[in-house]
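Paired with subunit B in one complex and with subunit C in the other, subunit A is shared by the two complexes that follow.
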Partner chain A sequence: MTISGNYFAGVDVGSLAAKSVILKDGEIFATGLVQSGVNSVESGLNALNLALETAGLKKEDLTYIVGTGYGRVSAPYANKAVTEITCHAKGTNYLHPTVRTIIDMGGQDCKAIRIDPDGAVVDFAMNDKCAAGTGRFLEVMAGVFKVKLEDLGSIALSATDTVPMSSTCTVFAESETISLVARGEKPENILNGIHHSIANRIAGLFSRVGIESDVFFSGGVAKNSGMKTAIEQALKVSIVKPEIDPQLIGALGAAVIARNFAKKEGLWV
Partner chain B sequence: MGKQLFRYSEANKEGFLDSDNITFNDGSIVTPEEIWHYLTVEGPVKYPSAFEVNLYQGNRGSRDETLPTSLKTRYLGLTFSARMEKAKDNGKSIAFIQGGQAVDPYTAADTIALRPGLVNQWNNGLEYGNDINKENLRRKKSKEKAFHDMSFEACQTGGYEHVQAGNLRIDVIAPYTVLRCSDVSYGVEAHRHGPNKDVKLLNVDFPLRNQADKPWAIEYFAGNLRRLVHTLDEVTGRKTTEDDLLKAIKLHNEGRRLGTELAELWWSADIPPTNSDDRASLVSLGNLETHGDVQASLSVLKEARKFIAERVKNGVKGHAVTDNPKRLFILGSCVGINGSRSEDAGAIVVGRDDQWSHCSSLVEEEGDPYYNLAKTTLEYPYEQGIEKRAQWTIEQIRKSRADGVIFIHNWGCNTQAAISRPIVDIIKRETGIPTYIHERDLHGLRDEQEQNRVNAFIEML
Partner chain C sequence: MSIQTLEIIRKRLEERPEELRQARKNGHKVVGWTGYNVPEEIVHALGFIPVRIALGGDDRLVEVGARYASSKTCVFIREIVGAFSENKDPYIQQTDILAFDATCLQNYRAAEVIEYFFKKDVVVLAVPRNFAEDDAKTYFVHEANEFTRLLEERAGRLLDNATLGESVALYNDIRKTLKSIYTFQAARDNVISWEEVYDLIQAGDLLDKKEYLSLLQQTLAELTELQHNPVIEADCDSRIFISGSLIPRGDRKLISIINLAGGRIVGDDLWSGILPHLDLDIKEISPAGVALGYLNRTPHAALPYLDLESDRRLKKLHELLSQSRAHGVIYHTLRYCDPFTFKAKETKNVLAKSGIPLLEIHTEYAGSDYEAMKTRVEAFIEMIRIKSELVEEEAA
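Now for the complex of A and B:
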């Protein structure tokens, strides 16, 4: 589909990062990704401005903006707010129309989402009661081992063994990890155990909503190759390779929804 | 900077003044003129939080300006605390109750019965001049106190903390030991060891698994109800007769009938005649207990029945309801979703299971009133086993033409948490309607996360 001269933006303000995607002519035209601060309005604007700058556009050039993520309610720059569950569904469907199941792992929660061929949500389940399966949890673990967050997955994949981890409460897991290290367990084997225990808890979410192929992994944690492998093993599926940074899927979905709203409201024909 | 407050428009004043008085238990009345004055002058000064225009919190119920009974329920809510204080000054006794009970025996024994939510409302209303933010902070402080006094693991809708702190003049605590409420044990234990343990405590014992089909179980529970009334009499110094109880049952049956009629009328309409909050506050009048005054509730209920009938006939839509909203049925104890924000997201709440179960259960008026009341209480559909409760819920969902079902339970409400999944699974299996389970986290401290999920569910519908 061609959308000549019309730009639509999605802004996804999460707990760890704010993301923005601008669509033009049905294609991703520009993106922006910044760390979230305490002021979610500012974080969203920073991500949007970064994408606008990359695109060489001004905010006035945008036909419609949709805000999503936890910062969506305080997004005065957006025409509408939509939840990130709907946005992840739409964003995934836009890039990978054969996907029916999404695992979304963000900074502060993780979700199991089932979608239909049009990208509409059919069912969802979330874990937001503990830090297990969140970016924040992995951040703490990276801190314990004094490694970079982005290296966590590849270290886990280099393991020769899996040391089971019984706690996924961040505080208890931290002390359990320290005692495992003191016992002489290798860091890569412990990290492998951590990834597998998180993956098993995520599998529990799917006992509620079910799994249908193809399966996609979105959100910031999806960049972690160790987590991807652990989830594939826990769910006995293979995960579709993302075409873009999986952390941008929510913002992409918001941009797609912005385009739909603009059409519905007669702002774009 | 002061917060923007909602003001009732003078344009609607005349219509409101044409409506009925509210008559109270003690025979006193308030006129629409007095109510209007309270809602436009006195109320906003005393309770700015109730009038604050706030997109994210606050309540849109009672802002339906051309529905006089909507304003009257707001009036009764805002004056609740002052009325309870006045009742105490006049020597009336007040009981703190829990656990799925009808208040008929309390009405018979001339005692005001307050559930946890109302106990909290009484305490909340004692302080004036707070905006929403200040009010929330204050309530959260009181929750912190409850965590300290009861347990971090309890749901804390309790109110036991107010009794222990001596904030409220409660004469008797009388929970039913029905299995629905895991909080009772925490509360009772805390009370037994608390500084104010002299406040009378009576556990009204429920036969395990209800067993309403067994005469012995009904007799056993009827005996407990007699014990309850006897305890209330010890406090009031009066002698409640069987005839008093029968009269109370008849009065409450009238409320239950009217409440049921009102709900069914509402459901019959193609266009929702009120918004979610107004629907809830009007239908719940049927149990005649929401405002701590049976007669006041009944008089507003009678009038509401008339207004809703007119709206349904004329196809009038409730305030701020969107066109063709998605209809949500909410399950679970002591908690609901934010009506106005769900309306903004394109939905409307069309029913609840908890108190509706009591409202739609009439008590037999012929024969031993204790036995009859015991039988009905043990038969409450909401208090039954999973399969039975689910089947009754399905009936209500169908009657209300709901598009989606949300089971919501408080953190620490262990029984509801445990049964939510099987109940929802049966509903899903038999109706195919989408369902969602949500655990309210530590008393809405994370309102935003909760609304996020509810909105995602509405978007899904």
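Now for the complex of A and C:
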């Protein structure tokens, strides 16, 4: 097979998933998404190899690779490392140029990002070091109710009531949830309360950076429809519908930045 | 290019605890002080050896301190209490008397706890809340006189104006020399880094004052020879200014993260850094004159001041940012350090009007938030760099 064109890859190694996007010139050519393991180098390579395999390419065919996510610090396959904050900004801007505010909810953190029309970060805030308001929090809650993580959102949306959740600490929320179940509250109403509790916590992040339309929701948790609705209600905004899997936005941004670096370094004209 | 005097200072710091031990054997008394408004000149003029009690970065000591002080007390104060509990710090071991001020009420609480649990002799200087009012000045003068009287009792002698004048002159020379040295670190093609100057400032908390002045003058001479005319101008680096809660000796987490992320620190307004040495004008040689000189400096964040437009702290921050040509501010807040944490948002909003971005880093002495802090700092530096590149492109 003859390879033509310039290929740029972004690899985003998060705490729960590793993602990769390959751009051919300016278009998304292939993607890869795998679960993260203990070894972040291996996780990143697995995601990259999956995208390469889908594209029918070899690593040598790539002009430039940018690594991002918490695994960016150990990404020997990448030419450069860039933070996920900058990458989510670029990736969102690439797909949705009118977006000025991003909510990124990943496995272990949550970020509020404000961007300018060029996709450059203007301001950002991150949650504290605890797992409240993150994918990991929802994973624990899915475990409590013995339901699939991907079903949490739709279950919450079927609620007839919202059971207030006083704790956003994962450990305390877990015991509070068990108490609520024992009290006879319906699981869907408790889950609805959990989603709203997280959304309210996210609203606190935006009090630091502000909100400007359009608003986009990226990261793995963005696939949760209940979370999307709860955030829309808490922030009183309408979230832009993603054109691709929102979990891939960081990797896409890394690929866009890879293309920019390649251009700057004269590797691509 | 290394500054030879800095090596001498490091060596002298290693020798200092033993030196203090010998001095105490010979009848001298060591006063361990902490706070923002403790008039060190008075302590010095009474023949005491002043040593600043300021240490951080040790999460284990914070936990020890939490056995005596509330776990909602800031980590800096809890570590100090923990250090007194263990009594292993070479400087704490050598203190005969403690002088704390009540600028930050947590500091005052530490004084109470240390006196109660560890039976230390503690002198506390009360500080007025509404420092800008005339009544507050009258009150502080009264408290400074009382503070002096308590120290005189412990010194077994009265403070005389001639000796106080000598101490004030010595401290003025130290401040003047420090300010000159500070200019060099922010300059383009600097021969001394901010980190080295920061260590140098903190060395003064511990060394003998006359020797310290001599070492500072030696450092300045070396710098002047190596870089005759320091020019401060914005270059392509990410020039970072550090503000917020104090960063005492032992705590270098944030500083090392900024360095690793490729940021260059060019200034600070920390009360463990240059700030206490700025704008201290002692107009009258007396305890009252010294006290008023201290009170008229840029106030500490713990003192309430609600009118943002005339807040001298923000004015000073703007002035220092302009001098250092910083691109952005990293605002460091320690867990439960409420004075600075509460001011983070308003400081950010005020600076935003001048186009200066601010990143708040809220942390403690545990290492568990290291990676999260690193991501924030790296992203902030990326943000500044992208902005600088765009400005450059537009200019071109």
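FYI, the second predicted complex is superposed on the first by the 264 of 269 C-alpha atoms of A that agree within 3 Å, B and C clash if a C-alpha of one lies under 4 Å from a C-alpha of the other, contacts with A are read in each partner's own complex, and residues count from 1 in each chain.
One rule holds in what follows: a contact is a pair of C-beta atoms (placed from the backbone, for glycine too) under 8 Å apart; a residue touches a chain by one contact, two chains touch by 3 or more.
If you're wondering where the values come from, they're calculated on a predicted model, not measured in any experiment.
Engineer: Kindly say whether there is room for both subunit B and subunit C on subunit A in the superposition, answering fit or clash.
Structural biologist: In the superposition, subunit B runs into subunit C.
Engineer: In the overlaid three-chain picture, which partner chain does A:Met126 touch, first (subunit B) or second (subunit C), both, or neither?
Structural biologist: Touch partners of A:Met126: subunit B and subunit C.
Engineer: Touch check for A:Val82: first (subunit B), second (subunit C), both, or neither?
Structural biologist: both
Engineer: For A:Asp118, is the partner it touches subunit B (first), subunit C (second), both, or none of the two (neither)?
Structural biologist: Touch status of A:Asp118: second partner only.
Engineer: In the superposed arrangement, does A:Leu48 touch subunit B (first), subunit C (second), both or neither?
Structural biologist: neither
Engineer: Between subunit B (first) and subunit C (second), which does A:Leu248 come into contact with in this model arrangement: first, second, both, or neither?
Structural biologist: After superposing on A, A:Leu248 lies clear of both subunit B and subunit C.
Engineer: Name the stretch of subunit B, from among 8-16, 44-52 or 188-196, that runs into subunit C once the two structures are superposed.
Structural biologist: In the superposition, subunit C collides with subunit B along 188-196.
Engineer: Both subunit B and subunit C contact which residues of subunit A?
Structural biologist: The overlap between the subunit B and subunit C interfaces on subunit A comprises residues 70, 82-86, 120-124, 126, 128-129.
Engineer: Would you pull the subunit A residues touching subunit C in the complex into a rising list?
Structural biologist: Counting only subunit A, the residues touching subunit C are 70, 82-86, 109, 118, 120-124, 126, 128-129, 208.
Engineer: Which residues of subunit A touch subunit B in the complex?
Structural biologist: Contact set of subunit A toward subunit B: 70, 73, 82-86, 120-124, 126, 128-129.
Engineer: Help me check something: in the complex, which residues belonging to subunit B touch subunit A?
Structural biologist: 56, 434, 439, 441, 448-449, 452-453, 455-457, 459-460
Engineer: Once bound in the complex, which stretches of subunit C touch subunit A?
Structural biologist: Listed in rising order, the residues are 345, 348, 357, 360, 362, 368-369, 371-372, 375-376, 378-379, 382-383, 386-387, 390.
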